[in-house]
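A short write-up of the structure that comes next.
Note that the chains take the letters A, B, C, D and E in the order they are written out, and that residue 1 is the start of every chain.
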Amino acid sequence: MTGSIRRWQGIPSILLLLALWQAGAMLAGSRLLPGPMAVFTVMAQETASGELPFHLGFSLARVGIAFVVAMIVGTAIGLVLGRSRGIDRWLYPWLIVLLNIPALIVIILTYIWMGLTEAALLIAVAVNKIPSVAVTLREGAGTLDRDFAEVAQIYEFGPLKTLRTVVLPQLAPYLLAAARNGLSLVWKIVLVAELLGRSNGVGFQLQTYFQLFDVPRVMAYAIAFVGCVLVLEAFLFRPVEQSAGQWRRQP
Amino acid sequence: GEPTAVRVGILKFGTVSWEMDTIEAHRLDEKNGIRLVTSTYATNEAAKIALLTQAVDIIVTDWPWAARQRAEGRSLSFFPYSKATGMLLVKPGSAIGALSDLKGKRIGVAGGPLDKSWLLLRALSRRETGEDVASSAKPVFGAPPLLGEEFSQGRIDAVLTYWHYAARLQADGAKLLLTVADIVKGLGARPDVPILGYVFLEPWALQNREALDGFLRASAEAKALLARSDQEWIRLEPLLGTSDPKVRAVLKEGYREGIIERWSGEERRDAARLYDILAELGGEALVGPARRLDPAVFWPSHSEWGGQ
Amino acid sequence: MKIVIRRKEYPGREGARERCILRNFELSLGQGETCAVIGPSGIGKSSLLQIVAGLDMDFQGLVSDRPKPVGYLFQASRLLPWLTALQNLEVVLPRSRGGAREWLSRIGLDDAAHLYPSHLSVGMARRIALARALCVEPRLLLLDEPFAALDRDTARQMQALVREEVARLGATLLIATHSWSDVAALVERTVTLGGAPAGIVEDSPVRQRRAGE
Amino acid sequence: MTGSIRRWQGIPSILLLLALWQAGAMLAGSRLLPGPMAVFTVMAQETASGELPFHLGFSLARVGIAFVVAMIVGTAIGLVLGRSRGIDRWLYPWLIVLLNIPALIVIILTYIWMGLTEAALLIAVAVNKIPSVAVTLREGAGTLDRDFAEVAQIYEFGPLKTLRTVVLPQLAPYLLAAARNGLSLVWKIVLVAELLGRSNGVGFQLQTYFQLFDVPRVMAYAIAFVGCVLVLEAFLFRPVEQSAGQWRRQP
Amino acid sequence: MKIVIRRKEYPGREGARERCILRNFELSLGQGETCAVIGPSGIGKSSLLQIVAGLDMDFQGLVSDRPKPVGYLFQASRLLPWLTALQNLEVVLPRSRGGAREWLSRIGLDDAAHLYPSHLSVGMARRIALARALCVEPRLLLLDEPFAALDRDTARQMQALVREEVARLGATLLIATHSWSDVAALVERTVTLGGAPAGIVEDSPVRQRRAGE
């Protein structure tokens, strides 16, 4: 099977999901669960009016920046903690504290200090997300095989080449898990941050329509983002996953 | 036999909880032949979910929402609770003295772009200055507590927020520019048009007419008590959510001013007029399929109920 | 190169005390000298090579004048499993040098270029690991049981390859082995480990059997 | 170093964190950032009044149940997807959709369908959390070594023994990452679920005090939970992590 | 036991075509028969053993009447790295049977009971893997290069152990090896693989050298 076919292999599954959703909506009665038709109609309206692209664009930009920053910083912290007992002893408890402080509080505090600004949002989201990436990568760093590190040492790979050819391939599954979970987490935190103190973005719209109990619109916005993630899955995460795992001895 | 239980969803430190506490403290529910059961929720949305899932019978919210839900098939009814909703505040000593001064300023708006007070303010500014504040000023939407903080720190010039949040800012010296009642008056409607009310499912109301009437009587009696007795407010102190006597005083004032004196056919007609304004500005996003106000949303829907 | 190991201990684990593996081990190797370390399983040959390679610094003693670069054939080949056979060679070669393909054909594995280590037979992986150790043009070559996994003919070819490269590079060679064929084919000196903790019990030149091979 | 000393080794780090926080609070001024003293005073008050134990108890019970259920179900799903290409092709896209649907929406919909019940809360939280565990464990399952599976097959371990002695030791780092991230995620979702439809629990209190802008109280409730997590770290996750990793060849 | 492999292919990977490894391989082994498979590195000995063990089902052909239980010494020992030496034996033994400790002393590794595999020398790990294969009292014993990693004396002891157990259990023995010492010490028949794809090029009894050993 070639890569490009694999890329689209999720489509039947998504179609099935839509069909099930439609059936469920028809059974439940549209008032309780708006079906995909109702939601897509609303989505089309909101797209035509320019509202959805506008707000989705803001949210995507925020998610994108916060995600990249959080992945890089979180991976770095996780690796350091996973490799150095001494630093781990001092910083790891902080990580756990940070990990378990509700997003709400971090967001409120950053907004209070920095005002209702874009920078405050990005910082709040990154602070919420970094511990989660770091915890996952810390576990990954703990499994790095010294045997291979010694190969790198003997053949004098130097830090960068070691990272690229020895460390990252071993961390690939952890990075993928952190990236997928991370994307969804960043997105959820961006929503909260938007609904608490921004005047645009999907979270802001969700809050508005949630107050009105306009479930189809709420779902339209959420699903627009989910669609973006599915595209990212097909074009980024899936291919990376496949090429990162093909050396394993598997059926 | 057993008095019927009436389940009311409230917020812990919300104004409704003061009234309910007064009812319970004076056994006004028993006197009116019902048993009051309150459930506390953390947000207005939670209370709305509770109503729609019939975890409670009555909540307090606004009538445009009830009207919209009704148009979407959930037959909700509305009975007025208070006309106190929002206030537009500016900094003490601020140069802003009228709507026209808001031009180019940052206004904090609680509740988002479809908030009723905000829409009414926009309508009024259009009528008075010919410009929509939404475009002439810079609205900043956010959670009310955060907007309060922004305002205190001087990062926004004015704030349109719910009156019990405004109370705290007023106690800190913020200047009241307009109340929503002023705005309503400015739009040519009677100032007694309520914004908030008890909302319940009509079928429930029809089945439990006596209980509902009993509840509304108890509510009216509690309001009357709170309106005349300062003693009551000492009892309520733990529920006001503040230890600042200045804020308490403002809250008491605000509550009393919100009490509705008239609820006649005229107020209902004015309500319909306001609804048209909201529908025009908020559009389908706000009102959903209910382009016009269905008068049946007001309880009781057919008799000419004359008010208190 | 001078190797002095006064004491090499491994830390104790649950239920096992700290264990001393090597004691009073001293060995000098001139540049280009070839030497085999011999001893029964578990005596400490691999531990010794790790120390000589500079990978294990946790011992009392000193390794001085270690020639560079080092080529090390680990006892468990340690190919990087996420790289193909070819990439495993390329990764240790400076980009400019190249020559990974030629090395594959010298060990008779042209066909295996694009196979991952998990798809190689043990003996094939062994040969690639050997090529990896040789292709960096080492001045110090450490081989840990290099040909044990190979059949006799293949082993002979590989021995010849090693001999040729060592001679060409003038490399110092240290082999841990229990194969007399390796000793005969490759080294001029054997050091026998014995005792617990292990030390050198015999240090003797190899009678020149190379010619008679 | 014995286990019991290790268990407490996080304490100096936490004390340092408190000291830094106190210093920061003194610099920032108490209105912007209440210091630990202020927060602990409030915490003592709320504990004395019985409020904090009451609400914390409810939240802990919810977190506990949802966490255990989500870990078990999520691990099972992750393993199945990670091992079976066929099922993965059909179910994995659903997982990604579920992972990226905002908690808010799942919670609202479950509440609307099931009413404001405890069961609805638990289901909503589990549905939010399961995909995240599953995604992590799916990556873990992809790294399971067939070599060891074959050992289990030859020596006829049977499914249960294979799981215990062959699969779980390989998955340990993934399980730990999922558990730590999971606990914090469950807790955050429980907060949202409580503030959207329960009359007790930390989430309910947080939102209530947020509306009053009583930051010290908000922090007191959050920190009480963080304290519980730290205890869990010291007595459960840490020991498990240490015993699960000691076989690795590491410095 | 009857082994018929009409065709064994490995799927092609990127840049490499599907490769046929074994073809028209047929072998019958009576219960208690001992046989060695011989052939150069990479010919398919380990692949054959995987098929005989029933681990690899992806081939055209059939393995019938496989005796049970099976003891399999994999070429790369495959001890479970998270279990100590002792636990690695205990885990394959039925709880009731026990005897893991005795096995450790039979292979001369009492001291290593509590060491994890990463702390064992290669030869030690090999012996424990051998003990694991023997301690289940197999009726079919598959050994893949069993003693290549061991020095001569240790290898002799292990050969003796295998001979003794195989005789005691009346087990069928199939060894993949390139060591003539193994052949001489353990089997009565050798099968030589050759060609590509590989098949049997020679199937001959071993002259009884056991006595003369």
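Here is the rule we use: a contact is a pair of C-beta atoms (placed from the backbone, for glycine too) under 8 Å apart; a residue touches a chain by one contact, two chains touch by 3 or more.
Every value quoted in this text rests on a predicted model; they were computed, and no experiment measured them.
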Q.
Over the chains that touch one another, what is the least number of steps taking chain A to chain B?
A. 1
Q | Chains most often in contact, by C-beta pairs | A | A-D
Q) Roughly how many whole angstrom separate the Cα centroids of chain B and chain E? A) 83
Q) At what distance in angstrom does the C-alpha mean of chain D lie from that of chain A? A) 17
Q: Round to the nearest whole Å and give the separation of the Cα centres of chain B and chain D.
A: 39
Q | Approximate Å spacing (C-alpha centroids) for the pair chain A, chain C | A | 46
Q) Residue numbers in chain C touching 2 or more other chains? A) 13-14, 76, 116, 119
Q) Among the residues of chain A, which are close enough to touch at least two other chains? A) 108, 112, 147, 210, 246, 248-249
(Q) Quick check on chain B: which residues sit in contact with 2+ other chains? (A) 45, 52, 143, 145, 149
Q.
For the complex, give me every residue of chain C touching chain A.
A. 50, 53-55, 69-72, 74, 76, 78, 80-83, 91-92, 116-119, 132, 136
Q: Mind listing the chain D positions that touch chain A in their complex?
A: 9-10, 12-14, 16-17, 28, 32-33, 89-94, 96-97, 99-105, 108-109, 112-113, 131-132, 135-136, 138-140, 142-143, 145-147, 173-174, 176-177, 180-181, 183-185, 187-188, 191, 206, 210, 215, 218-219, 222, 225-226, 229-230, 233, 241, 245, 248-251
Q | Complex contacts: residues of chain D adjacent to chain E | A | 147-148, 150-151, 153-157, 161, 165-166, 169-170, 244, 246-249
Q. Given the complex with chain C, which residues does chain E contribute to the contact?
A. 10, 13-16, 39-42, 45-46, 75-76, 111, 113-116, 119-124, 126-127, 145, 148-154, 178
Q: In the complex, go through chain D and note every residue touching chain B.
A: 108, 111-112, 115-116, 194-199, 203-208, 210-214
